[in-house]
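Two complexes are shown next, each including chain A; its partner changes from chain B in the first to chain C in the second.
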Partner chain A sequence: MTRRALVEAVRGAAQRVIAAPGGLGVSLAFYLVIVGVLSGLWRVAVENNGGDLAGYSAVALTWYIITSESATVAIHARLIADIGDDIGSGAIAVELLRPASVLGLRVAAEVGRTLPKLAVLWAAGGLLATIVAGAPPRPVALLLAAPSLVLAVVANLIAQHAVAGAAFWLRDAGSAWFLYLKAVFIMGGMIIPLELLPNGLQRFSLFLPFRAMAYAPARLAAGYIEPELLLQQLAWIAVLSVLAVAVFSAGERRLQVVGG
Partner chain B sequence: MGIEARALTKVFETGRRRSRRRIEAVRELTLSVADGERVAYIGPNGAGKSTSIKILTGILHPTSGDATVLGITPWEDRKQLARRIGALFGQRSLLWLELTPRQSYRMLAAIYGLDRAAEPRRVAELGELLGASDLFDQPVRSLSLGQRMRCELAACLLHDPEILFLDEPTIGLDLVAKQRFRELLVRLNEQQGTTIFLTSHDVADIEHVAKRAIVINHGEVIYDDEVAAMRRTLLATKVVEVGLIAPLAAPTRPGVTLLEHTEHTMRLVVDTLVTPIRAVLDELLDGPAVVDISVVDPPLEQVIAEIYERPPR
Partner chain C sequence: MRGLWATLRNAFAEAAAKPAALAAQMFVMVANDFVWVIFWVLFFDRVGDIGGWDRDRILLLQAVLTAAGGVSLGIFANARRIGMMAVGGELDAVLSLPVPPLSHVLVRRIEPINMGDLAFGVVLFAVVGNPTPQRTAIFVAVVLASAVLLTSFLVLTGALAFFLGRSESGELGFHAMLLLGAYPVDVFAGAVKVLLFTVVPAAFVAAVPARLIDDFDLVRAGELVAIAALFAMAASATFTVGLRRYTSGSVWTRA
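Right after this comes the complex of A and B.
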């Protein structure tokens, strides 16, 4: 598949989001409520702990939360279930008529659909964090957090496609969707920085890809200049891509589409 | 040879291990279609039409058997084949609803690797051919079904395919849109030599588009002949529906069968090989009793039932 096709898929999907901005408005409202509540709770916790929690200040935790939440809220919430429905119902068949990778085009289209939302949410979150907590702890770290956010979204989208591919066998990915989201919530560091997890769970999360989907950009935005986090994200993207390609290749061979 | 299928079989398995059921959707299907033919591929619901088309377009892998389309085994080299064929499934859109057709074509052109400079020229050509240029800049969701189907056809012709697979392309269209769509397909075949492989439940699609008809049922070919021959034998009956404002005796000519007769309606079946339809219409209209009259094709199921009733050749 050519780079031009992928670029067009990203562009076309972004155009669709911009053409119908209603969904973007709903996501923004939801995001601001969640971020407002969670960052408020964390600031109280930090103050009650003497102004520091596992090295995070109140300001750092606020920037952590606005970043981790934007990385996940920007992604279509029911993506796994929807991909599963497309596979189970056979709607995916039309995509097999194109001389291109179904997985590649789907991931590219979801990246395009997510990026405009991500930009709006992170900008709004940054504004909110500045107003309620203060300027970012180390503004230069945001230069690393921005590409890390894009990598987080890409890793998450590829992983969701790999999980949803189970529908080629099970014809439904609804239950997988629920479990996956909970894993990102906790072991991806979406609502709690990984340093605050119990030791065992913290060590366990090191071996899972979820940390690449929220924790990495959030840690950077919190002021920790750790470029190795981006390398870890790239490594997880490579691993998840191999997994997703394997699932879709095997799944496409056993696709069952009965009738028109 | 455009399409060749030999003993193609597809079995679907459903249910859990203990209650697993095997459904044989296509059974030992053998057929061949030459380049430039216009073929109607027909059968009742559940006959295996859509499944066999999905095998021939590379979407599904067969359980056994062999097939080539333009010399390519579809399920082994789906992407290479996709560059040379077009497919339109009446109930599934190739376009993105939130975009205009032109924006969708731009994406499809990138996917098919069309030359950037050639793309606007090709879109303009198709707009002219399909009489749809004025539709290309309207959002797809605002188009009527007939307008959308013309834009869908442009989408599957964008890369100039050698074979066009059409699965129920006229479903849901009104009479005018259907007629226009049929004319487009014939023009495409005659002007560009595109092979047309069409499934439909509408007998008129078969009569107006195809030169050859292949009928399948239970996954097997049960009839394969010229549409002209089919018209002479199987499509010779017409149903006449009459609205009445006064009592009228039913025609008693040979070849005319009365299906229903009430105070205000009458339904007849006319075997046109025995009595010309004109003679029946003339008799019915010779007086003031008739306020409405229509002549319709028999349903496809009836045509297929007649195939079963014919003695084997």
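Right after this comes the complex of A and C.
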């Protein structure tokens, strides 16, 4: 598969999202409601605890939430179910005829579909955070948070394809997306910073990929300059890629045997 | 009325026809709801009471919200799809029947996964709600009122699609209501709090009912019933007026 095919998949999907701003507007409204409420809750919690919760101030937690939510809301929520439907119905068989990796092109298209949303959501979230809480605790940390956000989205999309690949055997990814999203909620630090989890749960989250999908960019945006988080994300992307390729390779062989 | 009961019975029979699938989907939703319980337990254990809300009261709120959500999204499953059906021209089948269209559409389909919400809400109340006979009676009453309000709000926002030509308003209303309803309302102040009691009446879906179970007040109960009735009338009127603008999509579904 050529790099050009992947780049075109990203660009084409991004252009389709930009050409239909209505959908973008709905996502933005939904996102602003979520971050407005959730960050408001955390600010009250911080004030009730003397202005500090596990090292996070009210401003830092607001920037944490607007970043963690943008990394997840930007992604199509039912992606796992949709991929499962395509596999279960055999529709994916058509894609096997192309001289390119089904997984590679699908992930690239989803990245393209997600990036414009991510940019709009994070920018709007940053504006909201500045208005309701204050400027970012350490603006320079945002320079690390921006690439970390992209890595978070890539890690998440690859992981979702790996999970949805179960449909090659089960014929349906069912409601797996519900459980997957909830894992990102808590173990990924999407709605609660990992430092606020009990010690056992916090240690357990170290061994799971979900922290790469929300916690890493959010921690950086909260003002913690920890470049090693980006390295952790890259490592998880490598691991998840190997897993997704293995699942799709085995699944595609099975699909061809069954006949699609 | 008999026709509606028969339709509802058929919808239940349809969902129960695949018991393994029903159980699996209900389990997924129970697991999903349990994550929220974990979050709130972690949150209140870490930050203590907020605005008169503690762990027990927020779990009571979750019990009301999931039970009412189960009734609304599980038993009246099409409430969430009104906007899509309006825009997609999928109401032809129901319009040819000698039944009230909105009532028929609402009872036509059961959503198995959301029946898990109902089961979870009832079990959660039994476990953490200190279920005396009096509290149980109030729980049942407020869950029904809350379900009427939630269903009406979904129909109202969905029926706006007849006028707007797009179905996103219903989906946005659904997410806004469930999301905002899950939070302790007293945490918020100013415009957000006004919003929660008026345009998006999320406070009446869970926070007010939960408070009624702990501390019953006739005036507040009357407000809950009144707001549920108001939204039910508004939803029915909007759907009825909207039907005049309905355009068939030549899609013959079971609606």
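Operating definition for what follows: the second predicted complex is superposed on the first by the 255 of 260 C-alpha atoms of A that agree within 3 Å, B and C clash if a C-alpha of one lies under 4 Å from a C-alpha of the other, contacts with A are read in each partner's own complex, and residues count from 1 in each chain.
Note that contacts are C-beta pairs under 8 Å (C-beta built on N, C-alpha and C of every residue); 3 or more make two chains touch, one makes a residue touch a chain.
Worth saying up front: this structure is predicted, and the values here are computed from it rather than measured.
Peer 1: In the superposed model built on chain A, check whether chain B and chain C fit or clash.
Peer 2: Result for chain B and chain C: fit.
Peer 1: Given the touch rule stated above, what does A:30 touch, chain B (first), chain C (second), both, or neither?
Peer 2: second
Peer 1: On the A-aligned overlay, A:53 touches which partner chain: chain B = first, chain C = second, or both, or neither?
Peer 2: Touch partner of A:53: chain C, not chain B.
Peer 1: Go through the superposed model and pick first if A:226 touches only chain B, second if only chain C, both, or neither.
Peer 2: neither
Peer 1: Applying the document's definition of touch, where does A:82 land relative to chain B and chain C: first, second, both, or neither?
Peer 2: A:82 contacts neither chain B nor chain C.
Peer 1: Using only CA atoms and the superposition described at the top, report the least gap between chain B and chain C in Å.
Peer 2: In this superposition, no C-alpha atom of chain B lies closer than 12 Å to one of chain C.
Peer 1: Do chain B and chain C touch any of the same residues on chain A, and if so, which?
Peer 2: none
Peer 1: Help me check something: in the complex, which residues belonging to chain C touch chain A?
Peer 2: Within the complex, chain C contacts chain A at residues 24-25, 28-29, 31-32, 35, 38-39, 42-43, 46-51, 113, 166, 168, 171-172, 175-176, 179-180, 183, 187-188, 192.
Peer 1: Provide the residue numbers of chain A that touch chain B in the complex, in ascending order.
Peer 2: Residues in contact with chain B: 1-2, 4-5, 7-9, 12, 15-16, 19-20, 91, 93-94, 96-100, 105, 253-260.
Peer 1: Hey, which residues of chain A end up touching chain C in the complex?
Peer 2: Residues of chain A touching chain C: 22-23, 26, 29-30, 33-34, 36-37, 40-41, 44-45, 48-49, 53, 174-175, 178-179, 182, 185-186, 191-192, 196-198.
Peer 1: Could you pull out which chain B residues touch chain A in their complex?
Peer 2: For this pair, the touching residues of chain B are 12, 23, 25, 45-46, 50-51, 54, 57-61, 78-80, 82-83, 87, 89-94, 96, 98-99, 103-104, 106-108, 110-113, 139, 167-168.
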